[in-house]
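Alright, structures below, take your time with them.
Two complexes, one shared chain (chain A), two partners (chain B, chain C).
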Partner chain A sequence: MEDIFQGYKGRALEVLKKFNVRVWGKAIIDTSRGEFQGTVLPRAENDDDTHIVLKIATGYNIGIDIFTIKSMKEVGYYKATYKIPEKEFPYTPNLPNVKLLGTGGTIASRLDYRTGAVIPAFSPGELYGAVPELADICNLTTEKLFAVFSENMGPEQYKALAVAIGKEIENGIDGIIIGHGTDTLSHTAAALTFMVQNPPVPIVLVGSQRSSDRPSSDAALNLMHAAYTAGHSDIAEVMVCMFGPTSDEYGFLHRGTRVRKMHSSYRSTFRTIGDTPLATVNLKDGIKPIKETYNHRRKDRKVKVLPYFEEKVSIVYYYPNMQPDIIDSLVDNGYRGIIIAGTGLGHVNKPLYSAIERAKKKGVHMFMTVQTLWGYAHMYVYDTGRDLMAKGIIPAENMLPETAYIKLGWVLGQTDDPEEVKRLMLTPINDEITLREPYNGYLIYQGGVPEVEEFIRKFRK
Partner chain B sequence: MEDIFQGYKGRALEVLKKFNVRVWGKAIIDTSRGEFQGTVLPRAENDDDTHIVLKIATGYNIGIDIFTIKSMKEVGYYKATYKIPEKEFPYTPNLPNVKLLGTGGTIASRLDYRTGAVIPAFSPGELYGAVPELADICNLTTEKLFAVFSENMGPEQYKALAVAIGKEIENGIDGIIIGHGTDTLSHTAAALTFMVQNPPVPIVLVGSQRSSDRPSSDAALNLMHAAYTAGHSDIAEVMVCMFGPTSDEYGFLHRGTRVRKMHSSYRSTFRTIGDTPLATVNLKDGIKPIKETYNHRRKDRKVKVLPYFEEKVSIVYYYPNMQPDIIDSLVDNGYRGIIIAGTGLGHVNKPLYSAIERAKKKGVHMFMTVQTLWGYAHMYVYDTGRDLMAKGIIPAENMLPETAYIKLGWVLGQTDDPEEVKRLMLTPINDEITLREPYNGYLIYQGGVPEVEEFIRKFRK
Partner chain C sequence: MTQKKTPGKHFDPHKNYRDTMKAIGYVPRAKATQSDYDRIGFKSGLEVHQQLKTKQKLFCRCPAGVYHGDNDYHAEIIRHMRPTLSEMGEYDGTALMEFKTRKEITYRINNKTTCTYEIDDTPPFPINREALEIALEISLLCKLNIVGEVHITRKQYLDGSIPTGFQRTAILGVEGEIQLKNKKVGLIQLSIEEDACREISDIGHKRIYKTDRLGMPLIETVTHPQCLNPDELREAADYIRFLNRSTGKVRTGIGAARQDTNVSCEGGTRVEIKGVSHNKWLPELSHNECFRQWALLHIKKLLLERVPDPQKWEMRHAEVDPYSLSLEHANAIGFAEKGYKVVAIALPEFHGILSHFTQPGKCFTNELSDRLKVIACIERPNITSDEDLNDPLSENDATKLAALLKASPNDAIALIWGPDEDIPTALETIDERCRMAFDGVPRETRRPLPDGTTLFERVLPGADRMYPDTDSAPIPLDEKYIEKLREGLPVDIWTRYQQLAQMQIPEDSHAYILRRNLVPVIEEIVALGFPPRFVGALFGHRLKRIEGKYPMHNDFTYHKLVDLFRFLKDNKIHHSLAKLMLPVIYQHPNMDFNSVLTSINFKRRTADELLAPVDYLVEKFKEIKIAKKDRPENVVNWVMGQLHKQALGNIDPAELYSRIKERIG
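Our next item is the complex of A and B:
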C-alpha cells in the first residue's frame, strides 16, 4: 500500500489529513505569514512533526510551520519518480577508508540539503544510491554527530568534532569528511584548524549551496571531490572543499583559516581571502596543489587535539560614529576578548579611546583586523593606529575577522596571560597570518586560463 | 634666509631646536614606542604643534607624537627639491566651474595625503601648481569645510556637507568634488546619496591610497578624473571616483550606495559590490557609462537636501555562538535601529531570538543584511529566516551592511513609524537595492578585455 503521507507523523500528519492534502499534491496553503503554493514533499525520518515541506516555484524547499496554517487545498498531484535506491556500500580492499561525520541536515539527499527534509542520503548505502561514484573513490562509513543548523553551530560542536576527529585518527582512518551547512562552515573550519593540529590525514569540510534535486546542485560534485580529497590527498590539513569559481570542472580546496563565504546564494561562494586557494580537485586530474608548501599525509597516528574555547569573546565591527557604549557593554558583561574589525589599515574613531582604555585596564584582550578583508592591519602608519596600539590593541596582521574571533576564543580557552595570548594569536598555526598576500589572491583567483592569468599579472596593486 | 624648521611651530619646533634636528635632516628618533628612522619633513600651515612628521623607508609618512620622544639625532641631510609652484589658477570662460570641498587632510599634496603634513596643495593656486592638468579641465575653487580624519567623520559632517552642497548647487556650480580620506569614504558617499537627492550636477567623492610623493601615488590621477567627472559628466549622482582595477588607464565611478573598500592598502581598493561600476573615466576618452540608466545632468537648480540622522543606530555583525546580551545592551542603551549582518541568506542563531523579540517590543527597527556582501538576504527560504521575519526583522534585500546602517540612521532621523521606516528603507534612492545582481558584478568587474569578459561570462553562478 502506498503511503500518501510519506514520512509525516504526529501533528503535521494530522494537518495533512484534516485538509485532505497528500504528499506530491500541489497545494495552496494559506498561513498567517501569507499564501504559499507548491508541491508537498515527502519527509525523511526525523523528530520534527511541526512542519510541512513544500517545494515552491523558485526551486527552494520551504518548511511551513503548521501552527501558522489557516487552510490548505490540494489543486493537483504529480508524484516525482526519483528515489534513492538503498544499496550496500561496496567494500574495496585497495581503497582508502573515509569517515563522514554529519553535523546536521543531510548531504547528497535528493532534496533540500539543509532542512533535512525528504529522502536524505546519509547512511553509506543511501549515499551510494545517490552518488554511486563514491564507491570508486573510497570505502565510506558515516556517523551523525549532531543535528544542528549551520547558524547554530558553536564551541560545543567544535570541541565535540575535534574529539571525534582525534578518535577516528587514532583508529586508523585514512581521511575525514565533515558534512556542514554553508552558513558558518568557514568558522568551523577555522576552529578545527586550531583544535586539531598537525593531523596525519586530510580533514575536509563540505556542504552544498543548492538543493540536491535542482539541476544546478553542487551537492554530489562537492561530496565526490571531498571524498577524493579525504581518501587520496597528500595534503593533511583542515580544508574546505567547495565548488570552483568558473565551472564544475574542478572544486577548490581552501585552507580552513583563510576561507570565507562571499555570496549568499551562488555555488562559487567560498573564496580563499588574501591568498590563492590551496589546491584544485577533480576526479580526472586528482589534487593539483596551488600552494607550494603544505602539511603532508603521514602514516603515524599522532595528532594534537586541543578542544578549548572561551565563550566570552566578541567581534566589534566598526562603523562611523560608533559610541563607547558598544565596548563598555562588552566589558560590563564580562567579555574577555574583543576582535575589532576596523576601517582602513585598522582604525576606529576617537570617541572609542576611553572605552578601549577602560577595557584594557580590566584585562580585556583586544586585536585589530580589517573590514576590507583583503590586506593587513598596519597600525604604525597613522597617528590613529599608533594611538590605538599604545592603548593596548594588537594588530592581527592579515587574519580574517572571523578567523581572529575563533582563534581568540580558542586561545583564551587556554590562557589569560596577555603576553601568552599575544604570542599564540600572532603565531600562525596554518596561514591565518601570512607574510605577504600574492597579487593573484585579491578578489578572485583563476589559474589555468592564460589570458586571465595575464590580466591578473597586469592587475596593479 | 632659509627656514630650517619649515612649517614647525610651538612645542614641535622647540623639540627640533632642542635636539638640533632640521627639516630634511635624516634623523634617528628614540621614543617610548620604539625607534624611528627617516627624513624630517616640512609641515604645512596647520594647528598641530605636537607631531614631527617623518618619511620612513617604506615610503609612508608618520607623525611622531612629541610627548613620546626621548631623544633625536640628525645623521644626515638631504633637501628634496620638489616644491609646488604657487600660481594663479587660470580662468577659462568655456570651462565648467567646479568646487572642491575639503573634509580633512590634503589632496594632491606633494607629500602625505592624510596626515595633512607638508606642502599640501589645497588652494586652487597650489592645486594648479601640483596638478597643472586641472586647469584644462575646469575652473576650480576650493573650500575647507572641516579638518577631520576619515575615521572620525560622522553624521555631523554628513549633514554639514549636504547643506554646503545644496548651497553650491543653488549658486550655480557645474560640479562638486569632495576630498575625503579613504577609510570611510564610502559611508560618506552613501550618506550624501540619501541627504542630497536628485541633484542636477555630479557630486564626486575622491581620495588617494598612496602618499603623493610616492612614485605609485594615485592622488593626482584620481583628482584629475574627479575634476573631469564633476565638470563634464552627464551623470548627476553622488559618486566615488577612484583608481580602476587593472591599470592607471582609467578610473572607476562607483554609485555611492554600492561601493566598498576591499583592500587595506592597494590603490584598486574601491569596488562596486553586487553590480558593475557606474562608468569609467579618463582624460582621453572621457566618461564611458557601464550602467545603462542613471540620473542625467540638468540645467535647473532643483535639489532636495534632507540632512537628517538618528545617531542611535548600530550594526550587529553576527558570529557563531553570539549571545543575547549583545542585542539586549543595545536596547538598554536606547538604540532605535539595528542592522544585522547575518550569515548565509540572513540568519542568526536561536539564542538571539528572545533578545530580538524584546527589541521588537521596545520598538527597535531591525533589518537583515548579509555578511557575504554579495547576494541577497532571502529570509523566506529556511525556517530560521522565516522565524526571524516573524519576530520583526525585515530583510534589506541586497543592501550592503554599511549602506543599510547609514540609511537607517537617515530614515530614523525623519520618522519612527514602523511602516514608514520599512517603506523608506526598502524603496531604493539610488540602487542601494537592485532587482538583480549581474553575473559580472561578482567579486571583480573588468570590461574592455575580451578574454576576461569571456572568462567572466563562463563564470558560473
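Our next item is the complex of A and C:
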C-alpha cells in the first residue's frame, strides 16, 4: 500500500491523521500565526516530528509548527512525478560502444523526499534526457551493479566490478565507464588496477562533487569527458576522470594507483600524487597526454581478471604517543596485514617496537608508507627506520597509504607466503610504485606568494 | 488586388508609429488620469529587495559590504549552466532559454570578499543568525504570518549571476499588509536570500561577473498586485523602504535597495521590471509597461483579423548575399564583410506591425531585436526592415527581398545578421516571438532604462524553478523566540506618519525623515523640551539642503543633533541658532560646540542690545527704500532682516519681530 504520510512520524503524523490530510494534499491550515495554504510535502526522515512541510503557491517550501495548528483542511491533491525526461538513446553506427557500470553516486540524480538526498538517475534514456551531448560521443548502454554510497563500497563490490568489466571486455566493448561516489573513488580505482590487468580498452571511473540536481554541477561535464575517454582514448588503463581546474574547462585522467581526493568539496579535488596526471581531456581538444608512456588500446580481448581480496587488512595512521595496544588489538583480532602510514621518511615511536615484533612473530605482513603522501619511505636514513626494518616492516617505496592498503588486501587474497607477498607488493602493476619522482610531481602552490598569485590570476582556476 | 503594392512604397513607418500610438489611446504620464489607468486596467505590485546590515554574508563567513573594482581580482573561474528539473518534475522555461544562449560565464574572484562557498566549491555554512533575526523583525513589522520552520530553497538562475546556478532563499512569512494613505496593500511574502553577482560585461556569448556582492544577506518583500496607478506603486515602494529602514539594521547607499515591479493591463500578463534602483523611476516605468501591453493586445487583435488561424502562420527566410543582390543597406553589407551571415525574412501579414507603437520611441521591432540580443547573443544592431524607425531598408532593397521571398504586400520584410552559429537560434527566436504576438503579451522580465522604457531581459520564471536545498537543515522558529522579537520592534511606519502629522512637522519633510529613520532622533530632541515643528523642519528642510550642498563628514551621525540641542539647552541658547550651527557640525562633527559658536561669530546679546539700533535702521531704510508704497510691514521686515542673524540663539525670532513692530509702532 502506498504510504500517504511519507516521512511523517510521531506527533506530526498524528496531526495529519487527525485532520485527514495526506502528503501531496493541498491544504488550508489555520494556525495561531495566521493562515497558510499549500501542498503538503513529504518530510525528511531525520527531521523532527513537530513540523509539517508545505509548498506554497510561489514555489517555496515552509514548515508549519504543529503546536500552532488550530485546524487543517485538504482541498485538493496533486502528486508530483519527478522524472528526468527519458528519451531513447540514439544509436550512431560510427561511434564507439561504451558501457556505463553504475555503483551509486551522483553522476545523474534526482531528489529523494524521504531523506532530502539525491537519488541517481541511471538508464541510458534518463542520461540522454539529462545530458543529450552524450549521444554525439558514443553509443551508451548502462548496467546498475549496485546502488551504494561511496563509503559503502568494499571488497565484494571490487570483485563484482572486476568480473563485470572482464565480461564486458570479452563481449567486445570499446570502453567502460564506472559511475562512482567520489569519497572512495581512488580506492576502487586502485583495486580495479590490480584486479583487471592488461585491459585492451580504457576503464574510466567518474563521479561528481556537486550533485547533478544543480545547474552548476560538474556531473554532466565529467560524464562527457569520461564517455569521450572511454570511447576514444588510446590509453587502455584504469583511470579516474575528474575536473582539472574548478572551472568548466577540462578534466584530468589520473592513474588509478596514484590518485587521491585532496579536498572535501572542491570540484578539482582529485590529484595525482608524486607524479603527473596521465592526460587532460576536453571535448574541443580531445585527449592530450601528459605522460609519455602508457598502455595503448588494443584490438584483442586478452584481459587478466584477478578478483581476490583478503579483508583482514588495516591501515594504521601513526601519531605521537601511539600505544602498542593499537597494534596488539589488530593482531589479536586476526588481522593478517597492516599498512603503517608513518611520519617523515617512515617512522613510528619506540613503544611500538614490542608490538611490531609480536605481530611479526604471528605472521602479520607489515608495510611502511608515509603520511606526507609525497615522497618515498627511506628507512635507512635514521636508526628508527633500520630498527623497524629489522623487526620486519617492509618499506613500500612511494606507494600511497590507501593504495598500499588495497594492494595488500589483494595480495593476501592470493598468498600468505612472506616472500611472495613482498615480491607482489614491491612489483608495481601500474605505477603504484614509481622508480623516479619527477620534479613536477610535487606541486602544491602556496597562496600569497607573488609568483603564485600572478599565475593564479592569469589562468582560470 | 491587381495593382500590386510594393512593400515600402507610400508607407511611412513614423506615421504608422504615431497612428498606432493614437489608436491605442496612449497618453503620457504627465497627462494621465485615474480614468486612463482604469480604461487599460493598470495593475501592479512590487518585489522590494533590501540588503541587511550584517558583518558577514548569509551562508559563509566572508565580509559583507566590501566592494572592489572590475579589474581588482585574484582569480578567474569559468562555468556553464545547465537546466535541472524542479522537484515538481518540470523544466523551467527561463532555464531552457538560458541554456539555449550557451553563455560562457567568467567570475572574477577577490580573496578579500570571496571564499570557496560563493564559487560553489564548498557547501553552505549554517545561516547567519544576525541576518535571520533582522529579517524576522521586518517580517513582524509587515504583519506577516511567520512560518514555523524556515526551509532553505534553491531558486534556479541560469544567467550565471549566481555560480551555483541557484539562489539560496527562504520564506519567513506570508500574507501581511502595509497601510498606505488611502488603502491597504497586501503582502504575499517576505523571504531572506543571498544577493547575486555584479555584472561586469555581457558581450556575445561571454558574460563576466564579480563576486563581491554575491552572498550578502538580502530580504525580498513581495506585494499583491494591488496598486492601481503608478503613484500608488511609488507610495507602496516608499512605505516598504521606510519600514525596512526603521529598524536601523539595513544597508543604505547605492544598490542597497532595489525594486522589481510587476505590471499588467487588462487582458495582459504579469511582466516583471527588474532592478529599479530608485523609487522615483517606478511611476514612469510602470506607466509605459502597462501601455506596452495594451499595444501588444492591439497588435494581437490586428493579427487575428488578418490570420484567423495562427497555427497556419509560417515565417519564411532565405540566406542572402548582399553583394550579389546589390543591396544598399550599409549594416547588411558591413556585417557580411565581417563574415556574418545575412538572412532575409518574410513575416506574413505583419505589414504595419513591425512599426506599431509599443513604448515611447519604440515599436514592435524592438521586441524582436531585444530577444535577438539576449537569446541568440547577437549584438545590436541585429535587425532592420522596411518599417524600421531608424535605419530602414531602402525601397529597392525591400523590393528585391520581397521578390526573393515571394512576399505579398501584406507581409513584412526584415533582414537579420549575425555569426553563423547563432543564426538558427536567431530564426527560432523571431519565429517564436512573432507567434507570441498572436497570444498578446509574453511572460517576461524586463530591464529598466533611464528614459522610462524597458528592454527584454528573459522569460519570466515560474514556480517550477524552486527546489529544496539538500545542503541545509530546516530551522525551527519557536513561539518564545518570535515573541521576544516582537517585543523589541520599532514603531509602525503608518503610526510614524500620524506622529509626524501630530507634531505638525511639515508634510514635505516626512519622506526625508522616514527614509533616514529620524523620528527616534526627533523624539529624543523633543523630549528635551524643543518644539517638534522646528526640529522636524530642521531635519526635513535645513539638513536636506545642507546634504545637497556639502559633502558629509564620515563621523557625522544624525545623533549629533541630539548633542547639539542638549548643548543649546544647557547653555540657554535659543534653538533658532541650530540652523546656523548645523552646516558646521555636518562638515566638522568632531568640533567642540563652543568652537562652532566662535566659527559662526555668535555673540550673546540681550533683547535690549539687539533692539538698540532699530531707530537708526528705520532712518536708513528711508534712505534706501525703493518701493513706492511705504507699507508699515516693509520697514518692519527690513529691520528684522538686518537683525535676524545676530538675534539667532539670543531671542526667539518671533518675539524679536513683534518687539520691532512694537518699537516702530
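Methods note: the second predicted complex is superposed on the first by the 342 of 461 C-alpha atoms of A that agree within 3 Å, B and C clash if a C-alpha of one lies under 4 Å from a C-alpha of the other, contacts with A are read in each partner's own complex, and residues count from 1 in each chain.
Note that contacts are C-beta pairs under 8 Å (C-beta built on N, C-alpha and C of every residue); 3 or more make two chains touch, one makes a residue touch a chain.
In this text, all values refer to a predicted model and were calculated from it rather than measured experimentally.
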Task: Could you say whether A:H232 touches chain B, chain C, both of them, or neither, answering first, second, both or neither?
output: neither
- prompt: Does chain B (first) or chain C (second) touch A:H180, or do both, or does neither?
  reply: neither
- prompt: Touching A:E249, do we find chain B (first), chain C (second), both, or neither?
  reply: second
Message: With both structures fitted on chain A, tell me whether chain B or chain C touches more of chain A's residues.
response: B
Field: Which superposed partner A:I444 touches (first chain B, second chain C, both, neither)
entry: first
Query: Looking at the overlay, does A:E35 come into contact with chain B only (first), chain C only (second), both, or neither?
result: second
Query: Once the shared chain is lined up, is A:G63 touching chain B (first), chain C (second), both, or neither of them?
result: both
Message: Once chain A of both complexes is superposed, is A:K26 in touch with chain B (first), chain C (second), both, or neither?
response: neither
Message: Contacts for A:A220 in the overlay, against chain B (first) and chain C (second): which applies, first, second, both or neither?
response: second
Query: In the superposed arrangement, does A:K99 touch chain B (first), chain C (second), both or neither?
result: neither
Field: Set intersection of chain A contacts, chain C complex versus chain B complex
entry: 33, 51, 60, 62-63, 65, 245-248, 263-267, 460-461
Query: Okay, in this complex, where on chain B does chain A touch?
result: 33, 51, 60, 62-63, 65, 114-115, 149-155, 181-184, 187-188, 245-248, 261-269, 271, 311, 314-315, 317-323, 325-326, 329-330, 332-333, 341-350, 370-378, 380-384, 386, 389-390, 401-402, 405-406, 442-444, 446, 449, 451-452, 454-455, 458-461
Message: Under the definition above, what is the set of chain C residues touching chain A in their complex?
response: 73-89, 91, 95, 106, 109, 116, 119-123, 144-151, 153-158, 163-166, 169-171, 174-175, 188-189, 191, 222, 462-468, 470, 473-474, 476-479, 482
Message: For the complex, give me every residue of chain A touching chain C.
response: 31, 33-36, 47-48, 50-51, 53, 56-68, 80-85, 110-111, 113, 116-118, 209-217, 220-221, 245-249, 263-267, 453, 456-457, 460-461
